[in-house]
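Multiple structures follow.
Consider the two complexes below, in which chain A is the common component and chain B and chain C are the respective partners.
So, the complex of A and B:
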């Protein structure tokens, strides 16, 4: 289903969405960043920087209360949010990140905690002229219910799911040729970053990156965990139990494979007991193990870890260094 | 979900983040502030977990009073009336100077201001101090003498411009991670790096030169560097002539510090000293960065003086990319000092001994004010032990774990007639109290905090405090009113108005400006003043920069045949001080759950010690048991124990020998014995 929307249409669409969903829309925040905030019926900012916070955190938050075990022997499970979420303003990489988590958490035994939040949620991609100062963002083509492609002053809207198609029904059809042209423009956008990632992945898969390289990278890691906490495909969590006067609260919280205790055994033995092993593992996992398991890398190139790393050893920076150091071995 | 922008409660770097909370008023996570000048979308592990302790079940939720030896819940009215009555009774019977008030570098500027107002106007004593006594009192004393201001001279952005960073006594990537990362970035873009630290800290791996001098020999090292700089003619003559005084005295004092003499004291090679001197003096712009490795010595003030001399001699002051940069430890230790939570000054370092200043505060507060400077925190513990201090109010501090010589501290606190503690958790100190008042933590109250680069920033309330807990400013406001001092504040913003009226360096600081996103670095004397990124630009705060000669004095207690190891103490990257917050944060506690000592493999081999074996460590003051960690981070002959752990408290061992001028204890050097358990 291919539709064309004017600004008025778009507001009508958002009104419709907000009737059945808790709609969050992109806003340029006071501190200069961009975030998803509750739709107030009036304000949203279509163009801007990538979203600061990874959108997967709406379904897999940093702290998630799982169950309360009460002193009387009963258990209480947190009530589900009555209104499903609708997220508007997701770029291609953000949608890929959510798709990655969907797949990961859906593998049997499926993760009910994640799926309770995710099921029924509506994802609205925002691509085309929606980057900083209207810069053209590559089209997603999947991974969402609706993709809105900004073309100033109108939007092309594509439905990729039944709920999406239902919401778009009433709007006029778009010109398929125009849609083709959008795809052509999208394809023109440089793919250098993807190529660099693929080259680095190849070098790692063929074990052409030496340990002295990882020694250098590890020497710069200050063990903040930021690379994991901002990564939309990082799914590791640990369980925290807290005992109070009423009973025990069990939550799951984001974990980080860059921490020494991530794999440390009770007796002290640690298979990832050095910064070198941990740093190498982080990149290997995304670029070697994930492609083997899922058929695609665990990095969607959203750039968040490169921005969150205080010492410049985020995924892309490391890949860049790998390719410039070892690229000729390919 | 709500997102509340606030300032990190851990170190003094001043990172900002959003506290994320759900519709039930529970914190669910942290988001670094993307465009904030300090955090820039980044945080350290503590910052990423700064929400984790807030809803911990051990939070204090009701006031407690000790009846028949046990702490029992009571009403706020009873708790506040009792606190006021007991302190008043002691002041009336034994004089106001038999009271001591310990303020806190963890609470806001407004709350520190009220605490010093309570001590001075409420109870008539200047006996107020806080944990800056244990961290940077040497810096304030040293730099006020030489430059006229005790604060970090430059800004964090200066790391982008510097040619060389000289890090001495600061494990920056672990203790101020987002400053450490800036130093690493500077090094990556080609700036030089000298690290002077006996431990092989992370920055040392990246340094052009790593000087592993013996703990406590900094004066000899720096004097040796300066002598070499003069010998090579690398000093900044123009700067010395125009901007400084007392140079001749300094020059004469350096004569003895030949490379050979300095090498003998420090354990360094002679060529390392000359190389350090040349690297330092040949760079156009150098930032000196220091922390506890410099200050926590019986000659801490001399260490600071020596660094100040070095910067002045080479003209590394008053320009971008230079300066003397003490990294303040706590999130608001700068602010607590600025607010006059110190025994000799009101807010803005206005001296209590000055009659006109006293008159100004007296007129504002409608109370006559004491003129005799009060006791330092470390001296107050001694005075309590001797029975001269009889009543104490402690807010957000845990001297039982943070002060040296724990046995002595316990005896001192138990000796008090009355001890009241305001805190968020039942700390080791709160457990000794006669009265415990439950406080709101940083995420539950509004206020301002001043970071190490003198940046005044907002903290904002994201969630309600647990149970009956109240914000410190509300508790202190109530006590002030009971003392008959005007304190009808409806919000911290109103307290800031009073601060701005009475404090020249904060004269232009208002909530309205901070709400508009302005970032204010003091001095900010007027409402239109943009703030000050770099101090001492055209002249020093005191006028001319003063060279202050120093002589080398060894630490008070060095290893001997009975206690053959040198004990160095400090912190780990993941825990904060006495652990009351971080040890209740799952990821942080999981990372370092156990008290340990670093010991060099050579020493371990001699004593037949293997990894993770439990060791008994004894000093002249006590004994603890900790697990062994074999590492070359420490040199042979030295062990390092972090002081976070009540169950293996390093401060059972440390020496309460004090710097005579600043009253700081010698946390970095004492003598211990190591045995297998």
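So, the complex of A and C:
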């Protein structure tokens, strides 16, 4: 389903969405970052930097209640059914990150805590002329219910699910040829970064990256865990109990494989006991292990870890260094 | 998203009652647990459960009783940290939380009809005991059975009463060795690897199962390969700290494998080239 929307149509669509969903829309915030905030019926910023917070945090938050033990000894699992979320303003990479987590948490045994939040949520991608200065962002083409492609002054809207199609049905159809032109434009961008990632993955898969390289990268890591905490496909967590007045709450909390204690066992054995092993794991896991396990890399090239890392060893920077150093071995 | 059927909640905890507690050594205790209504745990030898003490936490513990023991199951727990110290303070009648059983256990079917070499180091005897008891309870299904046990010193030896029974059985070859002897110790002194060359075996029909501390594996495997046992005939139970048991928390990930879902028991041929696995 392909529709064309004017600014007025768009506001009508958002009003309609907000009737059934807790709609969050993109806003350029006073602190210079861009975030998703509750739709107030008036204000949103279509153009801006990438979202600061990882989009998957809406379904896999930093801390999340797993189970409660009440004082009478009964264990109960939180079953909150709040108004389903609708997230507007997700770029292609954000949507890919959510799709990755959807698959990861849905694989049996499914993670009900994630799925409880994710089921029924509406994802609205925002692509096209939605970059900081209206630059063209690549089209998503999937992984969302509705994709809004900004063209200024109109939007092309594509539905990829039944709820999305239902919401768009009242709007006029768009010109399919115009949509094809958008795809042609989209295909022209971001190829170089993807090629670099693919080359680095190939070098890692063929074990052509030496340990001395990882030593150098590990020496620059300050173990802040920032790369993990901003990554939309990082799903590792720790579990902790907290006692309160009504009983005990067991929650999960984001964890980082870059911290020394991440894999340490009670017996003292630590399979990730050196900075080299931990640094190698971070990259290897996304580019070698994830493709083996899930059929695609765990890095969606959103750039968050590169922006967050204080010492410049985010995913893309490391891939760039791998290709510079070892590329000729391919 | 299209298909997101909700299964039973993966983090829900079942209650189990501590029926007996027995001190095996200064550090290890054996807990016998029963589920409500005497329900069977339905585990495979080598699987583990997540044990909960609410307010303290949750930890993965391997099941050390055989699935042929239907009315209860047993956990052998070494006191090592905050959680296990709290567990050691429990008395019969106490209730704990259980999730599981989880993971892929020992390969019972590939073992059937074959000679079996079971090698345990230290606390590795606990998970292996579930298989040993299973084999004893189904003894006709297996060929020659060799049990090799290694531990630090005689005082740290687990299940001493059972070891005596195994030693006396005519259908089991049992031998053990301690790293450091004691004045009243009359058995072997030395590493467990020293026991392997003396075992008479037919390599083509022998399957080895190894469970022990990580440092033991490399040397034991070398000895097994020297005896002519095929890589594909060697199984290892790997130790990792699983936080969820569901393949989600990432703590037990070994490259593209999740120890809690794909293991903890692995075929050596499948993991020998995985960096950091052994």
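The working rule: the second predicted complex is superposed on the first by the 320 of 330 C-alpha atoms of A that agree within 3 Å, B and C clash if a C-alpha of one lies under 4 Å from a C-alpha of the other, contacts with A are read in each partner's own complex, and residues count from 1 in each chain.
One rule holds in what follows: contacts are C-beta pairs under 8 Å (C-beta built on N, C-alpha and C of every residue); 3 or more make two chains touch, one makes a residue touch a chain.
Computed from a predicted model, the values in this text were never measured in an experiment.
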Which of chain B and chain C A:243 touches, first, second, both or neither: both
Which partner reaches more residues of chain A (counting touched residues only), chain B or chain C: C
First (chain B), second (chain C), both or neither touched by A:119: second
Partner chain in contact with A:255 - chain B first, chain C second, else both or neither: both
Contacts of A:312 with chain B and chain C, given as first, second, both or neither: first
Which superposed partner A:107 touches (first chain B, second chain C, both, neither): second
Contacts of A:204 with chain B and chain C, given as first, second, both or neither: neither
Overlapping contact positions on chain A, where the chain C interface meets the chain B interface: 238, 240, 243, 255
In the complex, chain C residues that touch chain A: 1-13, 15, 52, 54-59, 78, 80-81, 84, 95, 97, 123, 213-214, 239-241, 243-244, 246-256, 276
Contact footprint of chain A on chain B as seen in their complex: 3, 5, 16, 20, 26-36, 41-45, 47-48, 51-52, 56-57, 173-174, 177-178, 180-181, 184-185, 188, 202, 205-206, 517, 573-574, 586-587, 590-591, 593, 611-612
Chain A - residues contacting chain B, complex: 30-33, 35, 52-53, 57, 61-65, 219-220, 222-226, 229, 238, 240, 242-245, 249, 253-256, 259-261, 268, 307-312
Touching residues (chain side chain A, partner chain C) in the complex: 66-67, 69, 73, 75, 77, 102, 104-113, 115-116, 118-119, 161, 235-241, 243, 247-248, 250, 252, 255, 257, 262-267, 269, 271-272, 277, 284-285, 288-290, 292-293
